[in-house]
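To start, the structure under review is shown below, and the notes come after it.
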Amino acid sequence: MQGFLYPRTPSGRAALVPPPPWHYSGDLLTVEYRTDPAKVAALLPAPLNPAPEDPGAVAVIWADWQSCSDSRAELLDPVRSQYKECFVVVRCEFGGRIYSRCVYIWVDKDFAIARGLHQGYPKKLGSIHQTRPHPHGPAPRIEAGARFGATLAAADRRLAEAVVELVEPAQRNGFVNGHPMAHHRWLPGIERGTPDALAQLIASGAASGEAGQPWRGTAELRLFEAPTEELADLTVEEPIGAYYCQVGATWDGGSVLAERV
Amino acid sequence: MQGFLYPRTPSGRAALVPPPPWHYSGDLLTVEYRTDPAKVAALLPAPLNPAPEDPGAVAVIWADWQSCSDSRAELLDPVRSQYKECFVVVRCEFGGRIYSRCVYIWVDKDFAIARGLHQGYPKKLGSIHQTRPHPHGPAPRIEAGARFGATLAAADRRLAEAVVELVEPAQRNGFVNGHPMAHHRWLPGIERGTPDALAQLIASGAASGEAGQPWRGTAELRLFEAPTEELADLTVEEPIGAYYCQVGATWDGGSVLAERV
Amino acid sequence: MQGFLYPRTPSGRAALVPPPPWHYSGDLLTVEYRTDPAKVAALLPAPLNPAPEDPGAVAVIWADWQSCSDSRAELLDPVRSQYKECFVVVRCEFGGRIYSRCVYIWVDKDFAIARGLHQGYPKKLGSIHQTRPHPHGPAPRIEAGARFGATLAAADRRLAEAVVELVEPAQRNGFVNGHPMAHHRWLPGIERGTPDALAQLIASGAASGEAGQPWRGTAELRLFEAPTEELADLTVEEPIGAYYCQVGATWDGGSVLAERV
Amino acid sequence: MQGFLYPRTPSGRAALVPPPPWHYSGDLLTVEYRTDPAKVAALLPAPLNPAPEDPGAVAVIWADWQSCSDSRAELLDPVRSQYKECFVVVRCEFGGRIYSRCVYIWVDKDFAIARGLHQGYPKKLGSIHQTRPHPHGPAPRIEAGARFGATLAAADRRLAEAVVELVEPAQRNGFVNGHPMAHHRWLPGIERGTPDALAQLIASGAASGEAGQPWRGTAELRLFEAPTEELADLTVEEPIGAYYCQVGATWDGGSVLAERV
């Protein structure tokens, strides 16, 4: 049977997502801040440890993507290529290395959920919007003073909103999401009360990538309560910075850090 | 860390879906037909075998659900409770028993995708609609001559549509979806070229349930081609029947039939 | 050129909505309360006056509809038939008669927006959900103690939510929405600074209808602020009641009460 | 009462759309072709006449917009700013002048429907996608050989899809949509059998605008049948060309060409 992910069939054509490598073009809007380090530590299951430096650092990142498999067919049927996401990243330590880790993430397409299953991103569906730069008319250029809005909602409730104002070109696009990702891949046992059927700690990152000139800016960020979300618990205690960057990347698998975790 | 499914947190409140048992109220519209048995057999991975009797039987089922966990909180915030699905079921044999097996399924909410991950349903997102009975006005009553429409689309393409006309009360709600489900739970290895990290064959079915009076009817069913779907390959060679039934059910886990499959 | 509403073509087939009569089957969940009568009066443009009795009464109504034209074709392609709405009704007086008037309304389909243009309902798009009764499983029956949730969101923000608990059968389904509707139909002049090109006060109501047994209950209602909404200004000062009712109705035009208003 | 469009309130804050001027930044993907001129003529109600030259020319245009009012507040809450549309334009003659005319259009937001009411665009809701250029990764740059896909669906059916391949910079962005628009604004009489309450022929165009370098290319265009659409009747008899262009524009009202039409 063929098919990277379900459903598997003799041809594999119906699979929810084709096999990696997966290629991405996108715009990233990043807001970094410090919360209480204990709140970050509480989101790190064993065997992960808090990052030794700046352990309360959080990045909330909006991304507006076009993605495809090696065939690139998705790019010409863009309902299968375009998606938006908002994700929350912290850092952690394992085996003497620093990793980034996505603790919450919302996307707006099923193929993105499917990739997240494989990569260990805990994806939910959401409604995500971010201002796009444009060379004409009222939308912002990428320049000092340009302002970008970004919002996240899920289950008909707004969960987060940000306004980022660009200040100047920067050396890098923040630091919280700058490491390989350390993610758990969990699936509960099918029988009540049994252990997880899968419980892996895996690492992955871009196999290759390129980035345009990052811009540094200032941000207002607001997080809102919802009955089935815990994002607002990661309260903004101290702003760090905000960034805008356009990137291209390819993802092509990862490696297992630990089993039965 | 708490949380039946991701994201896992100290409280578990943010988990995409609470732990089973899961409770359901819904309306089922079922169309059964025969396709070429070889097409069904081709969708049965090892160690499953074709059903010995009527091996080409297929059921396409639309369902309009309200679901909840034990807290029943979802029922009062219905964006978290209501969803629709269309799924395709065949039968198979394993270890001397007959099982039903869902080979394709589309739903319209993320919590339904999450449950499918656990239960082995190969869920994609779709747009699903079915006529609802109503006691007043132009919508149909549940009675002879009542007509119900049902449609499925995904990625902005219509994939299936049916019209079912009720004829008379029936003894049962079809037979193709009448067995415990035999489903694979697969997750690819994170490293390119490695075997699946999880590859289980599991069985599950309703822990308890009740059904209203099923109705038997006739159906027109049309299946449409799409670049990333194989549903239309299950061509209608011979109609069997169509059914309408309202049900309540509780699902509370399953059992492992085989590992490394 | 044929076509009740745009686009008009030789056949009329592409029109956004077929001509009346329009037929409806639906479930209504109504919450009635009193706000400051001055807030209601402020929403009544000339030549309307406040209702002489109980001038601060407001009804917030959720409705889950299946609708169709005389051909009834929409019922079998239910994406063209089913829609949900949440609307806010007050009462007013004109020419010695009492009218109901919809001051805010959100729907989730374009054909419903189109009908609203004709009928003078000020429709926006929203995301609307309400618990449906069901004979099996966890969803409520229509009986004492049954609880129904209802929510409204627009532009990714929750605007209203209610929980209604049924108490007993009732004589009527509330009183605020019980009169013919008095609505303005406005379209601005195309040239900047010119008067409205259309400014009619019209009256309409169901041409015929039937209702099931209404139930009376109690409600919790919460209204939320949003930058482009004024619903939350209609603060709940005193609850009146809540109702559940299933109805069928036909709408077939209205009459002009006043021009150039 | 304030409010450019409904609902009108003392503050005008809840109005579905603020008053013009409306400002736009967007990407246009245009496919021009010739159909049977009689099919175009059949879509031109009195007092419009077919264009004397190339009367069968049709443009199908996809647009990916960010729009705002003078406050520009919508740009920072992009769910209220961003929308996509697909529209079909022909040419016509009135009073010795050539006009463009939109005969079909689909958008994905309610504020865009509202503007269309005012401007005479016959807007329905649809699901619209088009490939966006990007400086990094697999998405196309704006250069020779770049390929852009575009799709349109409504009511869960795909209605149109195109692939445009860029060839070279061009002098202009096509010619079919290059004139002021001549649009009817119709609203039926509220009483059955009465004439339209509003039936204006209006003209409008951009009050100001700027455009980037247009690119010329080749296109494949496919149109699909649907029960409530007539787009596919405008069969492609002869390709003319295809274009990609980024634009900024401001719209600020129009003028009445004729009343009671």
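Residue numbering begins at 1 within each chain, and the chains themselves are lettered A, B, C and D in the order written.
Basically, a residue touches a chain if its C-beta (ideal position, glycine included) is under 8 Å from a C-beta of that chain, and two chains touch if they have at least 3 such contacts.
What you see is a predicted model; the values in this text were computed from it and never measured.
A.B. asks: Any chance you could name the chains that touch chain B and chain C both?
C.D. replies: A, D
A.B. asks: Please state whether the interface between chain A and chain D is built from the same residues or different ones, using more than half shared residue numbers as the mark of same.
C.D. replies: Result for this pair: same.
A.B. asks: I'd like to verify one number: the distance from the centre of chain C to the centre of chain D, where each centre is the average of its C-alpha atoms, in whole angstrom.
C.D. replies: 30
A.B. asks: Determine the centre-to-centre distance between chain A and chain D, using the mean Cα coordinates as centres, and give it in whole Å.
C.D. replies: 35
A.B. asks: So what's the Cα centroid distance for chain B and chain D, whole Å?
C.D. replies: Distance between chain centres: 40 Å.
A.B. asks: Give me the residue numbers in chain B that touch at least two other chains, ranges are fine.
C.D. replies: Within chain B, the residues that touch at least two other chains are 77, 79, 127, 129, 151, 156.
A.B. asks: Mapping chain-to-chain touches, which pattern fits: line, ring, star, complete or other?
C.D. replies: Its topology is that of a complete graph.
A.B. asks: Mind listing the chain D positions that touch chain A in their complex?
C.D. replies: 23-26, 66-68, 72, 75-79, 81-82, 127, 129-132, 134-140, 147-151, 161, 163, 210-212, 246-250
A.B. asks: Hey, which residues of chain D end up touching chain B in the complex?
C.D. replies: 127, 129, 151, 153, 156-158
A.B. asks: Taking the complex as given, what residues does chain B use to touch chain A?
C.D. replies: Per the stated touch rule, the residues are 1, 4-11, 13-16, 19-20, 42-43, 45, 73, 77, 79-80, 103-104, 109-110, 113, 117-120, 122, 124-125, 155-156, 184-192, 197-198, 200, 202, 204, 227-231, 252-256.
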